[in-house]
Amino acid sequence: MEQSIRKIRDFETGDRLDCYFIIKRVDLKTTNSNDKKYLDFIFGDVTGEISGKLWDVPYDQEDFFKAGMLIKARGTVTSYQNSLQFKVDRIRTVDAKDNVDPRDFVVAAPLDPDFMYSEIEGFAKGMANTHIRSLVLRIMEENKEKLMYYPAAKRNHHSIRSGLLYHVLTMLRLGMKISQIYEEINTDLLYAGIILHDMEKLNEMDSTELGIVSEYTVEGTLLGHITQGVKNIERVAMELGTPKEISMILEHMVLSHHYEPDFGSPVKPMILEAEILHHIDMIDARVFDITNATKDIEGGTFTDNIWSLDRRRMYKPLFEGSVKK
Amino acid sequence: MEQSIRKIRDFETGDRLDCYFIIKRVDLKTTNSNDKKYLDFIFGDVTGEISGKLWDVPYDQEDFFKAGMLIKARGTVTSYQNSLQFKVDRIRTVDAKDNVDPRDFVVAAPLDPDFMYSEIEGFAKGMANTHIRSLVLRIMEENKEKLMYYPAAKRNHHSIRSGLLYHVLTMLRLGMKISQIYEEINTDLLYAGIILHDMEKLNEMDSTELGIVSEYTVEGTLLGHITQGVKNIERVAMELGTPKEISMILEHMVLSHHYEPDFGSPVKPMILEAEILHHIDMIDARVFDITNATKDIEGGTFTDNIWSLDRRRMYKPLFEGSVKK
Amino acid sequence: MEQSIRKIRDFETGDRLDCYFIIKRVDLKTTNSNDKKYLDFIFGDVTGEISGKLWDVPYDQEDFFKAGMLIKARGTVTSYQNSLQFKVDRIRTVDAKDNVDPRDFVVAAPLDPDFMYSEIEGFAKGMANTHIRSLVLRIMEENKEKLMYYPAAKRNHHSIRSGLLYHVLTMLRLGMKISQIYEEINTDLLYAGIILHDMEKLNEMDSTELGIVSEYTVEGTLLGHITQGVKNIERVAMELGTPKEISMILEHMVLSHHYEPDFGSPVKPMILEAEILHHIDMIDARVFDITNATKDIEGGTFTDNIWSLDRRRMYKPLFEGSVKK
Amino acid sequence: MEQSIRKIRDFETGDRLDCYFIIKRVDLKTTNSNDKKYLDFIFGDVTGEISGKLWDVPYDQEDFFKAGMLIKARGTVTSYQNSLQFKVDRIRTVDAKDNVDPRDFVVAAPLDPDFMYSEIEGFAKGMANTHIRSLVLRIMEENKEKLMYYPAAKRNHHSIRSGLLYHVLTMLRLGMKISQIYEEINTDLLYAGIILHDMEKLNEMDSTELGIVSEYTVEGTLLGHITQGVKNIERVAMELGTPKEISMILEHMVLSHHYEPDFGSPVKPMILEAEILHHIDMIDARVFDITNATKDIEGGTFTDNIWSLDRRRMYKPLFEGSVKK
Amino acid sequence: MEQSIRKIRDFETGDRLDCYFIIKRVDLKTTNSNDKKYLDFIFGDVTGEISGKLWDVPYDQEDFFKAGMLIKARGTVTSYQNSLQFKVDRIRTVDAKDNVDPRDFVVAAPLDPDFMYSEIEGFAKGMANTHIRSLVLRIMEENKEKLMYYPAAKRNHHSIRSGLLYHVLTMLRLGMKISQIYEEINTDLLYAGIILHDMEKLNEMDSTELGIVSEYTVEGTLLGHITQGVKNIERVAMELGTPKEISMILEHMVLSHHYEPDFGSPVKPMILEAEILHHIDMIDARVFDITNATKDIEGGTFTDNIWSLDRRRMYKPLFEGSVKK
Amino acid sequence: MEQSIRKIRDFETGDRLDCYFIIKRVDLKTTNSNDKKYLDFIFGDVTGEISGKLWDVPYDQEDFFKAGMLIKARGTVTSYQNSLQFKVDRIRTVDAKDNVDPRDFVVAAPLDPDFMYSEIEGFAKGMANTHIRSLVLRIMEENKEKLMYYPAAKRNHHSIRSGLLYHVLTMLRLGMKISQIYEEINTDLLYAGIILHDMEKLNEMDSTELGIVSEYTVEGTLLGHITQGVKNIERVAMELGTPKEISMILEHMVLSHHYEPDFGSPVKPMILEAEILHHIDMIDARVFDITNATKDIEGGTFTDNIWSLDRRRMYKPLFEGSVKK
C-alpha cells in the first residue's frame, strides 16, 4: 500500500492508496436496481476533487460524515464514464496523531492574510483626508476577523480562502499604478472605494473558516452586499461624524461599482474615481478567471464555454512572447 | 377693464384683463432681429399656464421678477402660432392689501394635508406589531413638516402640492381593500411598506412650499430615494432597537418596490407584501396619469403619446356605462 | 395492513399500505442492466404525488393502465435518492363497490363551481349597459359547461380544477374593491373585461373533467387565447347587434391584458379599465403562486427559484404581524 | 410670366411662375415680431413639395383653403435657409375650365388599378382549393372600392395612391417565382396569405381617394390591422362555411406575418407558407424603400439615415454591372 | 438471419439482423452497479441513427473502433426507454469484398457536386463586370476541392455532404428569379455576394470528406467565417488588381449578410443587393429546416420546439392545396 | 480698438476687438422676415468657439469663406439669448505678414507628436517576439504621416489634433503598469494590440491636418475601422511572412476590442491580452471624457447629461483629498 503522498491530480486507474481528504460533500444514496445504500462523497485536497463511494455503509455511519471533515481513507482508484472514482475500503476521521492541517486541503490566496491585511492598512493609513481615513480604518477593524479567511465569491473569481483580502490588495496595487498615469485621480477616494466595495460580502454570505461558502444569508439575499455596504458606511459615518459629502460619495462608489442595473447597481458612476473603481474590479476578476481557466489546457486549444466569462471559450496561444511567469 | 375673476383656462384672444398670476418661470431675452430686451414669463393659476411677454422692460426690472412670485398684471390676450399669449402692459408684485393666497395658484391634492396625515397616522397606530408601529410613527413624525406640501414627483403622477401624502393615503385605502380579498396579507407589513416606500423623496428633491420641484438634491442624484429610504430605516431601527428581521424586511420592501433593475430596484420582491406594494404603487400612479390625460379630451378621441404612460395614446370611450363620477 | 386513510403527504419509509390513487402518468420502462420491464407510475391524491414502481408486470398489463384512472394499490413505501417511492405488490382499478369519487383525488378551487358561476353571473346581471350585459351573459352561457371544471393554466397559477372560475371570481371581487377607491372606473367595462379576458382558454387547452390539461389545441397553438377571445367577442357581437364601439373596446381589453408584446399583447392598454384589468390579473396570479410556493416552507427560509415568479426565490418571514389567516 | 409647365423639381430661385398645385397642408400663422397673419402652405405636384407663403391674407380667406384642394397660384420662387419657397401673389381654386386632374398631382403606383386588381384576381381564381378560393375572392370583392386607391402605409413603403394593390401584386409575382424553386410550397396558401395579409389596412387608416392618409381609425389604433384581419377572415369563413382548419391557418398567416412580437405579431410563423409570406413582405418593402431612397443621390455617396430602413444610410455604387433598368 | 437490406428507419423490436453501419460516435463506458466495460455506439445509415451496445468488449477492442469507420454488425434490436437499441453480437470493419461505399451512409445534397459546381460556375461566367467575374472565379477555383463535400453548417440547415454547394446553388437560382421581378438589382453583385457569402466556412470548420464536422478551427473560432471572408476577398483583390470600390462592396456584402450584430454582422446592409442577399440566405435556410422538421410528422400535428427555428414548433396542415411535391 | 490678445473664453458683452480666428463652420443664410442674406460663422481659437454674424455680405464674398480658413476680424461682442455673438464689421484672410500659426487655433494633445511617436516606437522595438515587432513597426511606418495629426474620433474622446497618438501612448503606459501587477500578461501581445487597435481610424475618417474630421470615408462607413484593421494586419503579415498564429491573434485582438457586438465587435476577447486591451481602451476614453466634462464646473455641482458617457451626469466633489493635479 502506497503512502498518501500522492495528490488527487496525480491519481491513475488501478492505484491502491491510503489518503487524507477533506469532505466537500456527502450524500446517503440508494442504488437504482436493488435498494443497497451507499455513501456518495466528493473528496478534495489542494490539487482537486474526486468522487468517492462507500458501498457497504454500516448503519451507524449513515449520518456520521459531514462536509468539512478531514478524513483518512484507504481504497482503489477506478474509472467510471471517463472520470476517476475512489472506491473506499476503510474510512475514519483524523485525530491529533495524524498531524494534518485542514488548511492544506483547500486552495488559498498566494499571500499570507496578516501580510495582506497589513499592506491594505498601509494604503488606508496613507490617506490625506482624515475623515476618509478614519472611516475606512474603523470598518476594516470591525471586520478584521472574517476578512482573514473569507473568499470574494461563492463561485468564480477569488472563491478561495482569503480571496476577498487578496482581491482588495491586488486592486489597490493596480489603483496605485493607474493613479501614476492619471494624476487627476483622488487616491483617497479610489483606495477607500476599493477597500469598501465588497466589504459586506462578509455579511452577504456564510463562509467556514476554510473559505467554503455554502449559503447566502437571509439579509444578503433580501438586500445584497451593495445595499448592505451603503447602510454600513452610513452607520459608521454617523458614529464618527463624517462630513455628509464624504459618506455620500463613498456610498455612491459602492452603489455604482457594478455599473449596470442588471448587475445590481441602481446608479451608474458619477465621479471619476467610481468609474475607475468599476474597471479595476472588472480587470482583477477577469484576470483571475481567465488565468484559472487556461492554466491547465494545452497551447493552441480552447477551454469550454465558461459561465463567469460571459459564456466565452478562452484560447491559449502556442507561441512565446514576453511573459514574466 | 374686466376684473380678474377670469381664469387662464377661459381666456380668449382680444381680452383685456387685470389678473393675478404666479410666476412659474421668467427669462430675460433679446429679440432676434434687433437687440430689444424683453421678459419672457410663464404665468400660472390653478386652471393652467400662459406665456407672457413684457416688451419694454425697464432697466431696474431686468432681474427683479423670480419664479414663485405672486404678481398682478394688466394686459391683452393675443394669439401666436395657435397658442394664446398675455401681452403685459403693467405688472407689480402683490402685497397684503391684495389679499391673495399663493396656494390658490397651484394645483393641490383634493384633500386637506392635516386630514390626510391624520388618516395615515391612523393606519400606523392600528398596527399590531409594536416594532413596526413605532418605527413607522417615528419616521412620519420626523418628516411631518415636509410631508405636508411635497409632491410625489417632479413631473407626472402626483406632481402637485401635497401629492406625496395623497399618493400614500390612496394606496393605504387600496391596500386595505385588497387585504379584504387576500387574507394571507400581513397588513402591518403592507401598510408600513406603503407609508415608507417614497418617504425619502423628501430628501431626493428640493420642493418649494407650494409643491414646485426645481431640482434633485445632490444626494438624491448620487443615491436615489430608494437607497436613501433603506439607509433611513436602518438608522431609525438602530435608534429604536427594532429587531433585525423587521428592519431588514421593511428595507427589502422599499428596495424592491420598483420591481425592475432598470427602474431602480436591485432586487425583486421576495415576500408577498412587497409584491402587492409594487402593484398598488403602479395602479395609483397609472390611474392618476390616465385620468389626468383624458379629462380634457372629447369622447371618441385619443390623447397624444404620453411619455409617463409608456408613450401610449389613451382613448376616451363615447358610450355610457356604470361610472360614479 | 393499515387501511388507506393515510394520505401521500404523511407517508414514511417502511409503511406497508392499501391505498387509493389517481394515476397521473404511467410509462412502460426497461431496467438499464438487464431487460426487465416495469411500470413507472406517478400516483396522486389530493395531498400530493409519489413515484410508484410495479416490477414484475404481467404481459397483459403492459398497456392496461392509463393516466386519469383511479386505482387501488397495495405495497411498501421505500426511499430512493432522498425521495419516497411506492413499491407496488398488487394493483387494480376501482369499481362501484369501492365507492370513491375521482374529484377527491385532485386539487380543486376552494369554492363550489355552481356557487362561483352564480356569483359571477350576478356581477354580469348588475351591469347598467344592456349591450355589455347581454354580450357577457351570452358568452358565459355558451361556455358554462367547460367553465365548471377548467383550470386557468396548464401549469402555475390556478392550474387546479375549476381554477379559471375561481380566478375570474376573485378578480371580480378585487375589481369591485378597487372601484370603490377610484370612482372614475366604469365597472361595466371592468367586470366585462375580467369575465372575458381568459374565456378562450377553454378552447386554447384540452382539459379532462378533473381539470388536468395534457395539451394545447391546434387553434390554441396557432392563434392563442387572446386572439381567439377577440374573434369570439366579434362573433357574438355580430349575432347580438352590439354597437361597434362596445365590441371594439371589449376586444381591446382582451387584446391588451398581458400588456407586453412579448407576453402576447400586440397593443398596450389604451383605456383606464384595460390598465386596471391588467394589474388585477397580475395581482391574482401572483398572490396564488406566492402563497402556494411558501405554504410549506419554514419561517426564516427561502423557496427555490420559481420559474413562474420570474425565477425569484420567495421568503417567509418569522415574526408575527396582522394576518387573518 | 412663364406658363406652368415647370414642375416643382425644376424650380430655381428667382423664377416668376403661374402654377397648379395640390395643397398638402395649410396653417394660419402669425409672424414673430409683429402680429401679421399669413398662410403657411405645403404645395405639391407629382415631382415633389415646396413651402408656400401668402403674406397678406384677406380676412375671408383665413379659413378658406384646405388640404386636398387643387389651386392655381402666381408668385416668385425665393430661397430661405437653403430651401426654396414659393411667395404667393395670387391664388385661387381651380374650376372645370382649368381642365386639370387631381390624380396628376400625387404619386401613384406605376400600374393601372383595374389592371392590378384583375391580375390579383387571376391568382385567386387559379387556386385549386375551392374553400380558399371562395374566401379570398369574397374578401377582395367586399373591399374592391377602397383597394383601388388605398396606399399600403401612412408613411414609408408604398405610401402612394393604389400602393396596397401594387404591393400585393408584386408580392404575388415574387411568390410565384419562389414557388418555382421550392416546390413544397402550397401556392394556394401562399397566395391567399399575400392577398389577405394587409387587407385590413383599409379599415386601420383613413385615406382620401388620392391615397393620402391623415389619420388612423379608432379601431385601427385600438386593435391594429393584424387583429382586424383575423376577425375579418373569421367572419367571412363563418358566412361561407369554410372548414375550420383552413380559416385557422389563414388567420395564423395574417397573425404571424410581422414575425416579431414587438412589430405586432403575437405568434411566429408555424407553417412554411407563413414563413415565406413574412420574407416576401420584407423584400418588397425594403426594395421599395431602398430604391426610393437612392434614386436621387449621386453614385459614390450615401443617403442620410433613413428611419424606415432601421436608421441605416444607403450607398449608391459608382461602377457599372448587370442592371436592366 | 435476415440480410442487411433493412435500413434503420424500418427496424422493429425483436429483429435479428446483419447490417452495415457507419460509426457516428463511440465511447468506452462502465456499467453503474458493477464495473463491466462496454462500448456505447451511435450507428448510422442514410435513413437515421440508432444506439448500439457491445456488452462484452474484448480488451484489444477497447480503443479499436473510431467515428467514421464503416462496420458490419450482427445483433438484435431491443427497446429501452421508448427508444430502439441495437445489441451487438459480432462486429467487424468492412473490407473491399464487402463492396460498400461510405457515401451511401450519410445524407448528401440531392444533386451531384460536379453538376452543382458547374452550374454555379455558369452564373459566375455570365457576369458582365470582368473584375467581379475574375475575382469570383478565382476564389471558386482555389476552394474547389473542399467545396465538393463541405456541409454549410455543423448543425441545422444544409449540414449534409456538399450542403454548402447546394445552398449556394439554390440561392443563385432564387436570386435569378427575384431579379426578374426587381430589375434594379445588379445581378453581378447579387450573384457574387451569394457565391462568396459563406465561402470561408471551408476554413471556419473542419469537415471529413463525408461532410461530417467535428470541430471549428482555431481561426474560425477567433475570427469567424464572415471576417475570414472579408480578408480573403481583400487578398485575392490585391492579387488581381480589382478596383477598390468593387472589393470594398463585395466585402461589405459578406460582412453585412447576417444583418444583426448579435448574429455576427458588425454593419447592416447599405446597398440593395446586400439587403437581398440577406433575405435569400434566410429563405433558403428556413425552407430547408422547416421541410426537414415536418417531413416525418403526421398532418394536423406539431413538431417539438426546434432550436434552429427560433425555438418554434412547426405545424403540418391536413388539407390539400396546390403543392407540386 | 483693443489688440487681439484676448481669447474667446474671456470675451464680454460690449467688447470691440480685432481678433484672429479659425473658421470652424460657415453658412450663407437669409433672415426670416425680410430676405437679407448674412454669413453665419462658427469662429474658434484654442480656448473655445463663438457664433459670428456678417450682416451685409458683399456678393463676391457669399461663397468665399470656408471651414479651416484662418481669418482676422474686427467687430463687437453682443449677447443673444444668453450666448455671446461676434458681430463682424470687417473680415479678411490672414497672410504671411500676420505671422500666425493655424496650430495655435485648435486643441491638440499635450505632448509633441514626434516625442509621442518615438516613445511608442520604443515600446515596439522592445518586443521580444521578432515577428510581432516587425509587423507593428511596419504598420507604424506606413501610417506615420497621418498618425502625426489624426484625432482618435470625430466627436468625444481624444477628438483633438494628434489625439490618436496620445490615446495610444497613454494606453501603452497604462498597459506597462498593469503588466507589473499581472505578470502572466504577454506584453508583446498587449502592446501590439494597443498600437494596432485603432490604427485604421486613419482610413475610416477624413481629417484635415489640424485634426478636424468632417466626414467618414466610404470604406469606413461600409466596413468600419475594426474590419479595416483586420484586413490591414492580414496584408502586412502576408508581405512579411508572419506566422499564421500571430497574425490571427493580433487580428482577434483588433476584432474583439469593443467587446460588445452592438459596438462593432463580432467576437468577444478569447485571450487574456485581448480582455485587458478592452479595459485599457475604456479607461483611457472615460478618463478623458470625464476630466473634460467636469473641468469647468463648480465643486458640488453636476454636468448636464453627457451622451458619450452613457448619458450620465458627472459630479465634482467639493472636499479636498489626495490629488496630484
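Each chain gets a letter, A, B, C, D, E and F, in the order it is written, and its residues are counted from 1.
The definition used in the following text is that a contact is a pair of C-beta atoms (placed from the backbone, for glycine too) under 8 Å apart; a residue touches a chain by one contact, two chains touch by 3 or more.
What you see is a predicted model; the values in this text were computed from it and never measured.
Listed by label, the chains that touch chain C and also chain D are B, E.
Between chain E and chain F, two chains of identical sequence, the interface residue sets overlap for the most part, with shared numbers making up over half of the total.
By count of C-beta pairs in contact, D-E exceeds the other of the chain pairs D-E and C-E.
Comparing each option in A-E, C-D or E-F with A-C by residue number, the pair that reproduces over half of the contacts is A-E. Its C-alpha atoms superposed on chain E, chain B is turned by 180 degrees; the angle is given in steps of 5. Chain C and chain F have Cα centroids lying 63 Å from one another. Our note on geometry: chain B versus chain F, Cα centroid distance of 44 Å, whole angstroms. Per-chain CA centroids place chain A at a distance of 48 Å from chain B. Among the residues of chain C, those in touch with two or more other chains are 32-33, 218, 221-222, 245, 249, 270, 300, 302, 313, 315. Under the contact rule stated at the top, the pairs of chains that touch are A-B, A-C, A-E, A-F, B-C, B-D, B-F, C-D, C-E, D-E, D-F, E-F. Touching chain D in their complex are the following residues of chain E: 127-129, 132, 170, 173-174, 177-178, 180-189, 243, 245-246, 249, 268-272, 275-276, 279, 282-283, 286-287, 290-291, 294, 300, 302, 310, 312-325. Within the complex formed with chain F, the residues of chain E that make contact are 218-219, 221-224, 226-227, 230-231, 234-235, 238, 244-245, 248-249, 251-252, 255, 261-262, 264-267, 270.
Those residues of chain A lying in contact with chain E across their complex are 31-33, 78-82, 300, 302, 313, 315. Residues 27, 29-30, 32-33, 35, 218, 221-222 of chain B are the ones touching chain F in the complex.
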